[in-house]
């Protein structure tokens, strides 16, 4: 029951928010996201002992049900969604948006969709939530975005929608292998999919994978991302990069890998190569960006590339690392975006060549930024390190010592370049003289709260990652 | 050579095709309109034939309704044509190409 | 005592937290006191632990498990500390020299507005280094390893308003990262083949029963670790960050160069001696690179004019010596040199800090001279440091350097000759520095001259303590010809086993010793005669090449940085915008283009519409009646 | 060849011939008259198939009302063979061919349909009595709706045909 609440609370408060339509929506959004966070924390807590699930009839003729299940991975991502949404709402609390009712309504609807994606174990339900999460973001970006928002949003929408349709086609195809009352349930899909002959799995793989690859995004399906991140309002960027992106990876782990094992076996190396190329490619591009948002966008592509490569390289530690890193990356990048949005609010620009001296004018913010930046480049004792260490371990499984070292070395180039561009960003914004940045206020109370949550998580999980590891360990065991 | 249902089938097809040919060949809107009436009637004929064949009264009622609709259509259609003629002083359909993008 | 080992890193951590959290509220002196006392407390516990380890009752390493850090599947890496001779020795060096540097800093940094922040960084630095040496597995070592990288980043860029300084900080971090990647890959190899990162588990299985592991793997691991060490310990090709790191406050340089950070690479290889003993080929590489670094850095140091740059290159050069020692299998000797080097290099840096302090921030030795008269303590202690590093008989540097050279000679006489060459240059450039700074006449401005003064006690006391240590520090490890009991080597013996070290005949050893003494004394004389009447003409030819550090920075810039940037620009402009993005947009554009063409079908001719409709009907009927059946 | 067959062939011939006359004659007035002939022939078919009511309605509604309406309009516009727009020869040929192909395709599709004899016994289903019963019992709602349709068509025709106010015609302005 708590699982359906997890979806219903944001859904209903989203609808309510549309109805209220003024600044009360902000309060509602904060309250709602707090409730959701508590619920998801409860689910995660309960998960150490038991798997929480919920099931109900939906459309029997199609063979689909409302099946929700929170295993370690799902509840972890729900928790992430809860944390990130709350942080976003908190840090947005002192800002004015146009039409707050619609804005927060869309945000909450997107949250509901995300929760649904992470929780559903019915393919059709999963697909419905997948779209439900996408559509509010489309509106958010196209109505509250930057100057070039319309073409950019259109591109984003078409991109992801093409992927979604391919996914739907593949799901229907697989479910038709075995029509019945629950032909869309996870178990049935997996059974039907994995019993398909190899040749069919090989083309089905691309239908499904491209949908997920666009979401993640994996080179070369990534070009919507920097533009969209750049043009979206920052709260939406956070939802997109911290959560939506995880949807893709989550879906790979939950739906693609078990369903099409032969396809994965056949194409896995291709995906790994693509991902590793993506790491280096995105890192290189990040080096030359002048807009902070674009830089972080490319950095995100690089990080996701690493996770994706490991996800397709079966190994226990690696898979575990992917899950852990999904959470950590979500937290870290949320922190990055928060700082970016504060920079933009205070100095009205994201152009790094015009920034500098944050450490002089807003030292607390600078400390937070440096800390989050170092978490982003996986410095030990921040959460990023644990995940990245395990990811590298996972990247290592394969054939022969020399190719392994080569893959790791190329993937590791991302680590070096990551340090280079992140430090460049820190240097351009934080250090230096406060020429342009002289009218700054330091963190306000609500920003402080948001940042504090992020930093606490970063440090806690960096020093003592056991809770997170244990939460996901049961999924790995399967 | 006794008459079978297929004869009515062929006859009505023939009338229908003639209607189509007319619609394709002529430019006069009224003639085209008349060809459409011809096609409707060919269908009516077929319906009556089937009604006879299967001893089913419903088909004849459908013919009745088709006539009703046709009458209404003619009323409106002719009004449109008259209107059109009033504007461009022609009933040539080639002049009417406003639908072009 | 060894069970409370966690207190050792805990004190600096607490110091860091207090100073870090209240950095803008705390008075400077309180911040300095907290920082210094934290390290001092660690030093006291380290002393206790050292004596416990030394006592006869101590058997084997003590491992203290704190908590499970990463556990996943079969992989379980605890956050654990290991105490043995090697780590306790490093603890002493770090906390001992570290607390002296802290004490010195309380006075040196007193004018700086960021003093509390500075002490926070400094404590964090010591904390990271303590983690590095205390860890019971490579992961904990790696945490400290990256931690010192972070702290060096923060401290080098301490005066963050200057772009150059933060650039140097960035360079240091990125270069360290390159090495760290090597370390990381090495760790992955170890995990893959041995399933553990713990020293004890790993070294007990290495090369033993586990014959399934191919021997080339050992070389790979050793090589990867060594790459890590070149980054942290500033060896060719990753050394260029260290001289640039002079941008930080002078005591930080002392900390980086003497007690922490750069010694990490030596520590790691000494710690992994069991692994390196299996891979003689990699040892050759290490010896070669160490020697090459020693010579290269020494040549550069000869023509530098920045007092700190000279010392920086001298550190690189000395580190090269240590790697040479490691490379010939004399691990204990390398560690011995780490220790003595810590004393005299800290002394030299703090002394140079005292000079800079007196000169009001001036670092160019061309503008100094004759300072000895004004700063007797600094002068004397600096002289002791110079003598020690040059290998003057009886001082600490003499013993350690002599041991290195002797071991090198036993290994290969060619290496020895080059090593001796590097030692010669060391003596020359150190005394060039000394003479230019302290003797002769003052060459600076009148105002500076007026300002010259001896530094306060908080600065001179550490100098004196370090000078004392530089003198006596070597007597714990006297060579065999003087004393048959080498206390140092036997202390480290249980942990670090030298490999392939031959003992020389006593006569040979005497000859080598005399040779090196003669050479260094000769070079001191040469330095004196050359710099009696200093002339600073525009250097040309070879000298200019040296003054510009063999143009290595420029080379890296041209070969790596710029092509990389150009590649990135190219990717951004062409591959991304005109490549992938253009393809994506091209799909959209072609759809639009196609619609534009198709739109023309909409001619508005009712006749043609009917035509098309009929044709469509025909086609549909044909398909439905004759094809689909 | 009994009377039924004879009448069938006669009416068929008249219907087809008049239909061809509709599309081939140049003068629109002639076309209308030919169409009347076609409708009459079709009504004849209805008669011989015992659909007397439909036959009468067909004559009254189509021939009597609709075609007169056509005639009115044509005469109102003063259309005759001289002003009749003509398509090019090629288009005409193409039209014939297309229609012919459609015819052939349809014939080919159904030529194998099993010929069933037209039932000549049940002579009463076309009676107004029976039709009326069904119409007012089962089809009363469609019947009522069709009355509304008529009404709206009437109103529509009036509205469309009304002379516009003095506004300049939008179409011309462009």
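We call the chains A, B, C and D, going by the order they appear; numbering starts again at 1 in every chain.
Simple rule for what comes next: a residue touches a chain if its C-beta (ideal position, glycine included) is under 8 Å from a C-beta of that chain, and two chains touch if they have at least 3 such contacts.
Bear in mind that the values here come from a model prediction, so they are computed numbers and not experimental data.
Put simply, the chain farthest from subunit B by mean CA position is C.
If you average the CA atoms of subunit B and of subunit D, the two centres end up 5 Å from each other. With centres set at the average Cα position, the gap from subunit C to subunit D is 100 Å. Subunit A and subunit C, compared by their mean Cα positions, are separated by 37 Å.
Distance between chain centres (mean CA atoms), subunit B to subunit C: 95 Å. In subunit A, no residue touches two or more other chains.
Among the residues of subunit C, those in touch with two or more other chains are 607, 611, 614. Counting only residues that touch two or more partner chains, subunit D has 87, 91, 94-95, 98-99, 102, 106.
Judged by the touch criterion defined above, the protein chains form a pattern that is neither an open path, a ring nor a star, and not fully connected either. Chains touching one another form the pairs A-C, B-C, B-D, C-D. Put simply, subunit D touches subunit C in their complex at residues 87, 91, 94-95, 98-99, 101-102, 105-106, 108-109. Across the complex, subunit C is touched by residues 20, 23-24, 27, 32, 93-94, 96-101 of subunit B.
On the side of subunit D, the complex with subunit B involves touching residues 1, 4-5, 8, 12, 15-16, 19-20, 22-23, 28, 31-32, 35, 38-39, 42, 45-46, 49-51, 53-54, 57-58, 61-62, 65-66, 69-70, 73-74, 76-77, 79, 84-87, 91-92, 94-96, 98-100, 102-103, 106-107, 110-111, 113, 115-119, 122, 125-126, 130-131, 134-135, 139, 142, 146, 149-150, 152-154, 156-158, 160-161, 163, 169, 171-172.
Against subunit D, in their complex, subunit B makes its touches with residues 1-11, 13-22, 24-28, 30-31, 33-35, 37-38, 41, 44-45, 48-49, 51-53, 55-58, 60-61, 63-65, 67-76, 78-83, 85-87, 90-92, 94, 98. If you check the complex, the residues on subunit A that touch subunit C are 155, 158-159, 220, 222-224, 281, 284-285, 287-289, 316-317, 320-321, 357, 359-360, 363, 374, 379-381, 385-386, 389-390, 392-393, 396-397, 401, 404-405, 408-409, 412-413, 415-416, 419-420, 423-424, 427, 430-433, 464-466, 469, 473, 476.
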